[in-house]
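Alright, structures below, take your time with them.
Below are two complexes that have chain A in common, paired first with chain B and then with chain C.
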Partner chain A sequence: MTRLACLVLVIVAAAVFPLVITNATATDIAVNAMIFVAAASAWNIFSGYSGYLSLGHAVFFGTGVYTVGIAARDWNLAGDKVFALLPLAGLTAAVIAVPLGLIALRVRRHTFVVITIAFFFIAQLTATNLKSTGGSSGLLAPVLNWTASTYNNPFYYAGLLIAAGTVLASFLIRRSRFGLQLRALRDDEDRAAGLGVRAMPVKLTAFTISAFITGLAGGLWFYFLGQAFPQFAFDPLFDLAVALMAFFGGLGTIAGPVLGALILEPAQLYLTLRITNDYLSEILLGVLFLVIILFLPRGVLPTAGEFLTAQRARLKERNRGR
Partner chain B sequence: MAQEVYEAIADGILGGGVYALMAAGLTLIFGVLDIINIAQGILVVLGAYLSYVLSVHLHIDLFVGLLITIPVMFGVGVAIQWLFIRPLRGSERTSMTLLACYAVALIIEGILYSAFGANYVSLNAWYTQPNASVRVFGFFIPDIYLFGFGLAVVAALVLYYLLYRTTFGRSVRATMQDAVAARLVGIEVNRVAALTFGIGVAITAVGGMVYGSTSGGFNPNSGYDLISRLLAIIILGGLGSVGGAMLAAIFMTTAEALVDIWQPNWAVAVFYLALVLVLLVRPAGLLGRRAVRAQ
Partner chain C sequence: MTVLLRTEGISKAFGGVQALDDCSIEVEAASITGLIGPNGSGKTTLFNIITGYERPDRGEVFLGGKKITKKTPRQVFAAGLGRTFQLTRIFPRLTVLENMLIAQRHADRGRAMDQLEFCGIAGHSSALAGTLSYGQRKLLEMAYVLVADPEIVLLDEPAGGINPSLIHLIADRIKELNAQGKTFLVVEHNMEFVMNLCDHVAVLDYGRVVAAGPPAEIRQDPRVLDAYLGTGEEDDEPAA
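What follows is the complex of A and B.
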């Protein structure tokens, strides 16, 4: 009951946020936060549940970016029509994910991680070298002549919609038979396969779903930013950021990546605003990562949960003693 | 045409020597510690910058400077292992160590950017000048390629001696085969792990020096390019196989040099394409054991 009330409260707060706080910097950060809530949750749906660490999700993000970018340029789209293209971004990313998954998911652990990194570099190289992607000079998004004061709002609501949908999907998958199979694969793939889990289709489905959402997030990000360059659409820091967010909040949980994205993305943007030295924020990101891995290896939420449970047990013990 | 092909093959083999060495360090670290040191690329760049500082500010010859940079990088490696890798245990160790190495790479990259900026620099000495070259069978090989290859061969021999002719090497190989059994027969696995990580990183001092003087310029961002190649090489060679890594390195750089004649923009893609193709046929890599261990 209290959980439901909390959830309603969060949704209402998220829905009225840009109406209450109209500061452009704040809504700007909020849009980015929503994009990363979606991206981190999507990463978690695959990597968190299945245990296959992907450091190549920027491939799907960048695919989303370039899909809408090229489509809008070649079909001369402008204005509000842009949002109609977002599903296409997700679809392209999902279509690309199938062959990539078929290759990468044949191997496990380190090799899998390295293959995803290799895919990432192939994708970045392709975007830089092809003519249709605009090469290293990148792509420009269509100009949107919306009112400046509420310019961020449509992006915010689109982001919120995608983020909420992702969290819902994450929740449904975790509770489903499919989610159970995924987590069985994470714990012991050979045993799960022995018990009848069809490993490849299950992994591939999760990979594709995750890619679809990441592509959506990429498309939205592109329109919001207004331009794309290969090194930012396919950004190694993106690979790391989504993983960091999921790890920070709690890998394999539903709320963990959301919390991670809501804390880390605004923090990082704020730092970048305050500290003009780009490299310092990079160093800070690295240090933060190390601190989390060394001291909170299971994430904030699980650790906090354990702490609360232990506290409660101690209280009970004390009450019984009286 | 034929001339170009021969030159490309010579370049590939000579250049591949250094990659072979760097990849050997990476795969050695994997074999003993069961982790992928994703910071290896930026550590090579760090090694290159160390050589740069020594040669520009202290006017020490690049090869003599190695006497300083190798121990320094060894210390850096041992410190990284001791501080950030050793404490990580448990079921998520694979991903945790990888991310820890990534974080270390980010920090080093940030520090290098703050210290040296984004401008490309390269290592210079008399043997890196464009006209310093040897004429072999009618075409020219730059001196630095020969020197670099010679250095790589020497370092590989030292590595071989260390691994196969000393007690330490015996314990390293025992740990690679079975860490638990090694511990049972009295090998201090933690110490072996720290030293191996140190050696694997010390190699980057050599790699960085040669890379810095042959690549035609590097900056802190070069680490990404390097690590992606090195990862492709060690996977192709078979994780944990030093010989496989060396073979794969020579193969890859030669293939890249050949494609570079026709398609300079796509030459790097050969690396990844070869990787994907090999893995489709042999998921364990060229010389890998069937040891892509259970999760």
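What follows is the complex of A and C.
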């Protein structure tokens, strides 16, 4: 019951946030946070549940970016209509995920990670060299002539919708038989296959769902930012960020990536704003990654949960003693 | 009696080591058949080949008259053959109950709980499987194989490394299921366990079946004593 109350509270707070806090810098950060809640949760649906750590999800993010960019340009779309392109961005990313998954998911662990990184560089190079993507001079999003004071709100609500949908999907998947099979593959893939789990279809489905959401997030991010260059649409820091957020909060949990994104994305943007030196925030991000992997390898939430259970048990023990 | 599981002339070499050499065994339906032999005699390799985890160089495996030789572990399982591993393989980060649900074609919590009850670990159903003791893990692996209701169950050292009271529990459970018509093929080092449990025993040595028959006969067979104790000439060779 308290859980439900907390959930309602969070949803209400998220829904009224841009109406209460109208400061453009704050809503700007909030839009980015929503995009990363969706992206980190999507990454977690595949990597967290299956144990296959992808460092190539920027491929899907960038695919979303360029799908929206190219479609809006070629079809002369502007204003709200661009939001209608988001499903297409997700779909394109999902379609690309199928062949990539069929190749990469044949191998495991380090080899899988290396292959996803290779995909990432191939995608970035492709975006830089194709004519339709605008090459290294990038793409511009359609200009919006909305009122400046509420400019961020449509983006915020679109982001919130995608983020909430992703968390719901993550919850439903984790509870489902499909999610159980994914987590069994993470623990012992060969054993799971020996008990009737169809490993490849299960992994590929999760990979594709994850790519779809990441593509959506990329499309929204592009339209919000207004422009895209290959090195930012396909950004290695994106791969690092979503992985770090999931690891930070708790890999394979539902709330973990949400918490990670809500803390790390604003923190990073704030640091970039305050410390004008761009590289310092990146270095801090790297240091944080190291600290998390070394001291909280399972993430904040699982470790805190265990700590609380232990405390409660100790308290009970003490009370019994009296 | 009908033969449920049969291997025919299985050979398998790893590099220069001939793990199995023209190995043929038969498991009768509704029997408990034991497979014994010294370390390195090829018991586990034979298990792996039967269940599709490894491929034989030569030979065939038949289940109920159908050839299952080159099927994948998933297909072998679907054909009605379940197994446990010598080094128990459970899903440590899933709960005990979730481990049970994985093996079922359609998740059925009620039946999963009944099976856990039967194997004596129902009290741990919501614990993470990784927190179980070694003996409890053995029971869990057996439980989740049994809940899928395979026609034949292959147990790789069900009594290895666990305490005597648990060994009795496992033996009782196997006998009870066998009385209901379930077929078992058991690899085991504990001779007491095998001789008390099995209707039929096959002895492997250097990848070949050197003797097969009821436990009472096997116990007396000089070739079996040879395989276990070695003849004078082989004394200097390592046990494997």
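Following the convention adopted for this analysis, the second predicted complex is superposed on the first by the 322 of 322 C-alpha atoms of A that agree within 3 Å, B and C clash if a C-alpha of one lies under 4 Å from a C-alpha of the other, contacts with A are read in each partner's own complex, and residues count from 1 in each chain.
The rule we apply is simple: a contact is a pair of C-beta atoms (placed from the backbone, for glycine too) under 8 Å apart; a residue touches a chain by one contact, two chains touch by 3 or more.
Predicted model, so just to flag it, every value in this text is computed and none were measured.
Colleague: Scan A:Asp188 for contacts with chain B and chain C and give back first, second, both or neither.
Modeller: Touch partners of A:Asp188: chain B and chain C.
Colleague: Regarding the shared-chain residue A:Val287, is it in contact with chain B (first), chain C (second), both, or neither?
Modeller: The answer is first: A:Val287 touches chain B but not chain C.
Colleague: Which parts of chain A are touched by chain B and by chain C alike?
Modeller: Dual-contact residues (chain A): 186, 188, 190.
Colleague: If we count contacts the way the header does, which residues on chain A are in touch with chain B in the complex?
Modeller: Within the complex, chain A touches chain B at residues 51, 53, 55, 103, 106-111, 113-115, 117-119, 121-122, 125-126, 129, 186, 188-190, 236, 240, 243-244, 247, 251, 277-280, 282-283, 285-287, 289-290, 293-294, 297-298.
Colleague: Using the touch rule from the top, collect the residues of chain B that touch chain A in their complex.
Modeller: 30, 35-36, 84, 87-88, 90, 92, 94-96, 98-100, 102-107, 109-111, 113-114, 224, 228, 231-232, 235, 239, 265-266, 268-269, 271-273, 275-276, 279-280, 283, 292-295
Colleague: Can you tell me which positions in chain A touch chain C when the two form their complex?
Modeller: Its residues touching chain C are 177, 180-181, 183-184, 186-188, 190-198, 252.
Colleague: List the residues on chain C that touch chain A in their complex, please.
Modeller: Contacts found on chain C: 51-53, 72-74, 76-78, 83, 85, 89-94, 98, 101-103, 105, 107, 144, 148.
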